[in-house]
Structure formats: C-alpha cells, structure tokens
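Same chain, two partners: chain A is paired with chain B first, then with chain C.
For the complex of A and B:
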C-alpha cells in the first residue's frame, strides 16, 4: 500500500517536473522579441515612440480598413481588417488610440505573406484605430474612427 | 483537442488561412464582481506561423485582442502539399501547436 502511494507520488512529481521544464524552455526564444515596453505604454504617442524608436511616420492613402464598421456592434470584439498596396511590407502594427494600453498588436511579415490581415480587438471607448505599416523600411500610417456605445444602443 | 482551429482556402495564386484559438484573453484590468479581487491577466503574447519549417508570420499580441482570438492572413504561391505550423504561447507560458498540410487543415 505504502509502495503504491509512493509510485503514484513519484509519477506525479515526474510529470509535473516535465511540464514545468517544457513551460520554461520552449517559449523563451519566442518571448524574447515581444515588445513589452510599447505594449505597456499608456498613450498612443508613447507606444509609437517605444516600438518605432522615434522614426517619423507619414500618413498614407494606401492603407485601408476594408469593411470596418463606423459603429461597433460589440466593443469587446471589433473586427479589423488591414490591407495595403504599399510594396515590401515587413511589419503591420495596430493601435486603438484611447484604449488603456493603445498598442493592440504587431505583425512581422515575410515576403511569402500578403499585407492583408484580419483580427478582432477590444475597444474601451469611441476612438481612432491606427495602422502603421513598414514598407521598404519606412513607416506609413492611416486611421479611422470607430464609435463604441456602452450598453449596445444609440450612436 | 487542440485549442487551434484552422481553415485554409488554397487557390491557384494565394492561400487564405483563417484561424480561431480558444483562449480567455483576460486583460488583468477586470475585477471579480463578487469578491472585488482583480482577475489576473492571461493572454496570448505571440502566434508564430511556419510554412515548411520557415517562419512566414509572427503576431505579437496585447490584452486588447478579443477573447477566443480570430486571425486571418494570405500566403502567396503556396502548394496544397506545403506544411503549415501554427503555434501560440501566452503570458503564463502555456502553449499549443497545430500542424498539417494546407490541403488537410
């Protein structure tokens, strides 16, 4: 009986140890690049400065938000599509200007991927969504206002 | 069961990949209404997409991405036999991976 329990205990300890090891070892390399400072920034300006290091951003008419609603049906899940005709796009970053943490996501694209992405984001209040695209090493941006109503009616 | 649901649409020139990941995406800014205690943040930080072993797209996410995240992207010139691998890792070190041929995902 005691022996049985000891077996069970050992087995449990071994698998738990394995899980901890897997948890710490696997993701470390991936997490290294996660831009914590920019994601934690409390304002759009601070977030842009942190992620782009103060590189100037030019407004562009070649960045689009296809099918973006002007009034969000559900502020917890606003569908955002970003597409651009700019060439050689290597990075696309999305900000929700007046969220408590404005930077929502950043995507690194290889040349095998078209600059055309979809996602769903939470919005705290009516504000601009801002997309910044890195094309040929330069930064371009576009923004669109999305209305959010608390409680789901009115506009 | 995998937490990652993938649908692919392989065309002659491009392949559209749509995915849904089952995840709470907890912001850490909410409070438990009964106890008043903050609910700890629990969100996916990075999603990596590899095609035939080469990374073609990485997504770094914040707490602003919605619960059970949806994402779609378009691959240029992929073959149905190409192997796509999608992995995510969250702020607690939890992770999951889904892999398969484009034609079979």
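For the complex of A and C:
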C-alpha cells in the first residue's frame, strides 16, 4: 500500500465503490446516477425524500462521527468523519441540516470497502450533521450538533 | 494580648520571612490572639512518592498583584451549584473556609479592599520561586507543570513577545507547559520561543494540535519522566478552541479540538509504555475537564486551567477506568498547588492535595528571580510607571459580566470613539487596582495587552447586536461544556439588557435599551469595540484610547458596573451580587 501510486490507488478506490460528492469531478459512469434533485433540495426532509424515496429511517447508535468538533474552527471547512459498525453497508449519505442545500454527499460502497469516510463540508450556521447509512438494505441514521460561532472573547 | 494590626502584620511577615511553620512559638500565639487561622501554609507533611506542582494562567504577572475573584460565576444545568460555580459565602461554606482569613481573601471577593489592605498582594515570580524551592526541598523529584497563558497579559510580555516570561519559566524550573494565549504571538514566534528560548529545558506539550492538511502532530503530545523510580506520564492539552476565541490567522495551518478519541489513544499508548502515573496538563477549562474526565479512562489526574477557578479540593470523577482527579489552580500566580501521589504496585493508591495561596509578604523574594525581573523591566520602567489617573473605587474585571475596570474601558471607547454603544471582550485576566491608588500605564496594559488591540467603530442594527450578545452568551452558558468556548460575557457600555442564563441560544437576551429607549432591531447604532479576531486591522490600539481618556479625567469613579438584569439566578450559588 505504501508503494502504491496515488493514481493507481484512486482508480482502485473508484472500482471498489462509486462516490458522488457535491461539487467535485466525478467519472461519467457515476454522473449517470447523479441524484440532482436531492442535491438541490432546500430542506432536510425534501432531500431525504428525494434520495431515499420515503423509505423509513431508524435511529442507530452504531453510526459514529470520530473527532467531530463541537465548535467549528472554520465553518468554511469542517472536517467530518463517519464510521459505522453496521453490517453490509452499501451507501452512506451526509446531510448538513440547516445548510441552504442540506445534502452534502452520498457514497455507494462495495463490499470490499470499510464503511469509514472522511470529508470536509461548509456549514452555514449551527446545526446537526446527519449521516444515513444503508445496511442490509435498511436505512439508519445518527446526528450530532456542530456549533458555528462568531468567536472572540475567549480567555 | 492586644496586638495592633500593624504589629500583627509584622509578626506574620517575620514568621514568613524566617520560614517558620506557624504551628508553635510566639508567632503562632500572635496569630491565635488576633483570631486568625494558621498562616504558614507552606510547611506540608510529605506524602507518597510522586509529587506534582502546578501553576496556570499567571498571565505574565511577574510582580505580585491584587486580583479580585468573581462575585458572579453562574453555573447552569448540571453545573449549577457545583465547583467551580460557587462564589462568596457559598464558596466559604462549601469548603469550610473561615471568613476574613488569608484563604478567604485569596479565594473569594468578600471584603476585598479591606482584606487586600490587611494581607497584601499575591503571586509574583520572585515569591513563587521561593515557594517552589521550598516545596522542591520538601519533595525531591517533584515536577513543576505550567498550564499555559504564561506569555501574555502584561506590557513587558507583549513588548518582548513572550521572551520575559520564557526567561522566568527557565529560572523557575518549569518542567512542562501547554498553551493558549501563547498562540496569539503567531505560529512562528511560538516555535522560536520553544526551540530557542526554552531550548528543550521546558517541554511544550499538546496532543490536540495537529496540522490542517495531514493531521500530523505539531507538538510533542506527552513526556514520560521518572520520579523517584516511578515512570510518570504528562500529556499536554492546549486550549481546544484557540482558533475560534482568538485570531485563527495567527496560526493558519494548525487545527485544534478537544480530541477525546486521540487523547484516549495517547493514554493507552503511555500505559502500554509502563507509565504508572498518567496526568493531563490541560487548558480546557474546568467544566470541559470535568466532562472529559467522565468520558476517558486511564487518567489519574487532570491538572487544569483556563477558567481561572479557585478550587481548593480535588474533584474525584468516576469513569469506566476508575477515578480521575480534576483540579484547577486559579490564575495570576495567586496559588501553587501540590498533588502528592502514593504510587505502589504499578499504580496510584492514595493522594493528598494542597492549595497554597502565594502571599508575597509571607514568602521573601528569591534574589536571583528578583534580579532577573528587575533586569527585564528596566528598559520599560519609566513608561510603565506613568500615572494616568487616580481611582476612587476598586477597579477589577473578573466575573461573568462587567467589572469596574471594564466600565472604564467601555466609557473610554464610547467617549473617545464617539460611539453610542461599546463592546469590550470578557477576558478573565486583568488585575485589580485598590481605591486611592494611581492607575498606571502598566495597569491599563494588564487589561489590554494583546497582539490584536485595534479599536473598531461600526454601525450595527439592533438585531445584529442582539445576535452578537446571544452568540457570546451561548459560549458561556451552554448546558453542554463541550459547546462552551470559555471567557466571560462581553462587556457593554451604554447598552442595558436583561439576561436569563438558563435559557437556550436566541432566548437569553431581552429588553435591550439605550438611554432608556428600547433598541430597535432595524435601526443602526454606532458600536465601538476592540480585539477583533477575524482579520488583521490597522488603527489605534485600545490602550491608547483608554490612556487618553484617563489622562483627561485625572480621577475615576465608577458608581456601579453595568451588569444586566438577571433572571432565574436567585439562590444560584454562583451569584452573590
């Protein structure tokens, strides 16, 4: 792995699972399945409805946000890690509840990928980040609040 | 026996100077006769085999100071009525401290002026040095841990960009430190002071500062030192919200956080390396430390700072791995704390904890340290000593809302900047000036010495002003400590409002008024302020504005600090006003 070239590694990753990430370049094959409506939705409810077609979502304690900040250091680039111990994960989707367009990313995972993701997102204001995981064909979610503050005055 | 106050003070001074334990002999009789408690706090029975000395948040006060503790330090939610949210009588009762004693004076605001005149100043590096030497003689092998906020808070620290304090730390024999305000000198200067000035003699530790790009550690996360044959690990925890509370542009490539997960991994790593004692030298603030202690396992103690809390007893916090002691060692050099650990069969079996007020008239100045202090101050002496005005009443800052010194700053900002409203940051540092004393340039700098001092004048709508107050209030009174950023409420001039600390964001602030008229959410008001964290600014420094105002006034009289009308605080042990 350490000797593997970055380009080769990326190719391998894309073969393993197709990633759809808002605002980044994606291979044409994936573009075909681009969930434009969900990404453009203006509310969390509407986005979830568009991407999951109204399938019920159950809360789960098995979805984690390792090292998620409680206060955003820089709201323009908030690091978010998602990890889950749920079995047979095929899709992980991230929403930032009160962003103008809440759906931030959705990832399709093959069975050769460990369900563990890292990304950075822009946050408009204090709100929940919501992860929805598809496991054994069912949907599970977890959320955590990240605070966006004007700062200053500490100390 | 009828002692005059002056004789009594002389007795104490002699007892202290001679290093006598006030447990027997004529000095003790004098103390008893005068109805005070024992006053040599400094002869402590030895206990255990590992001793840690802790100081924190001295805010670059090389000289002894007066520092009034808060009369308002409200705890909300589960923090209500628990240390550190106890003030005044509540504090004395909780800890069984007798009113009017040296301890009562060091730890609370009660009868501040009278007791300050009776007992004198606290802290000062020459006096701290004497105490540290005595403690080290009693406790061979003891480590001295400095929790940070050491390089900032005075004129000389600002003008030497921290070098005066690095020199004092070396002479004091600080073994390990972490940081917060240190970072406001910028990444490059921090590294320069650590590498060149401290030169490896004082280790700067922080497990929770990493590079923004790859998440690589910026500082060494921990050190393992052998104390009397016991491998003792100290992990560093810098202030997790530095880039939010202070300018992020000073440290553009560093990322901070509480990083509880990485901390657990670090604890596990040092335990695997056979550390028998593991402590966290933390700048989280007490409420965050208490929560953290309940969430991670394997820490014997958290030696904390940031919130400047006087907490004379260690708090035992239960967690999955056992018990973690949480302590906080005040500020401004007022106290040195001693944690003695009995370590046997690979772990801590028992402990004793001592909270020692550093009374400068009980501890003679260490000659070497005093000579160093005199030398670093010499080039600035005449400038520092300029008398700007005389104060008629006590000037202080510390507390959740405006102190009297804040009021002076706000008045100066409004007057000199011609603004309707003034906003001044709720820093927890800033020393006190007694009634009748001159206010010097040095005193003003002790309230304002920061690397981003430029004053601003803006036109804000009433709605915007409310949003600012709500945002800052939530950083102070959020019921979850992990969402608190530290510091106190922003100080206001001109503006009056009502505050309910028990509410949630958006609902704490009401009844905003200016000159008796309600604030109109849509109308614009001129607002003067300082300490903008968003970008470097060019302009006048706040101390210039305050100095100009004071020079014109000659005498200062603050009737009453502008504290908001408070709701739902009756009976709260953090509220004594």
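Just a few scattered comments:
Note that the second predicted complex is superposed on the first by the 120 of 155 C-alpha atoms of A that agree within 3 Å, B and C clash if a C-alpha of one lies under 4 Å from a C-alpha of the other, contacts with A are read in each partner's own complex, and residues count from 1 in each chain.
Quick note on the criterion: a contact is a pair of C-beta atoms (placed from the backbone, for glycine too) under 8 Å apart; a residue touches a chain by one contact, two chains touch by 3 or more.
Bear in mind the structure is a predicted one, so any value in this text is a computation, not a measurement.
In the superposed model, A:149 makes contact with chain C only, not with chain B. Of the two partner chains placed by the overlay, only chain C lies in contact with A:66; chain B stays clear of it. By the touch criterion stated above, A:96 is placed in contact with chain B alone, chain C being left untouched.
Of the two partner chains, neither chain B nor chain C is touched by A:37.
Greater residue coverage of chain A by touch, when chain B is weighed against chain C, goes to B. In the superposition on chain A, chain A positions 79 are in contact with chain B in one complex as well as with chain C in the other. Taken together, the chain B residues at the contact with chain A in this complex read 14, 18, 27, 29, 45-46, 48, 51, 54-67, 69-78, 87, 89, 93-95. Residues of chain A that touch chain B in their complex: 23-24, 26-27, 30-31, 33-35, 39, 76-79, 96, 99-101, 103-114, 116-122.
If you check the complex, the residues on chain A that touch chain C are 66-67, 69-74, 79, 126, 145, 147, 149-155. The residues of chain C lying in touch with chain A in their complex are 149, 180-181, 239, 241, 243-246, 248, 255-259, 261-262, 306, 425-429, 468, 471-472, 474-475, 480, 482-483, 485-488, 490, 505, 531-534.
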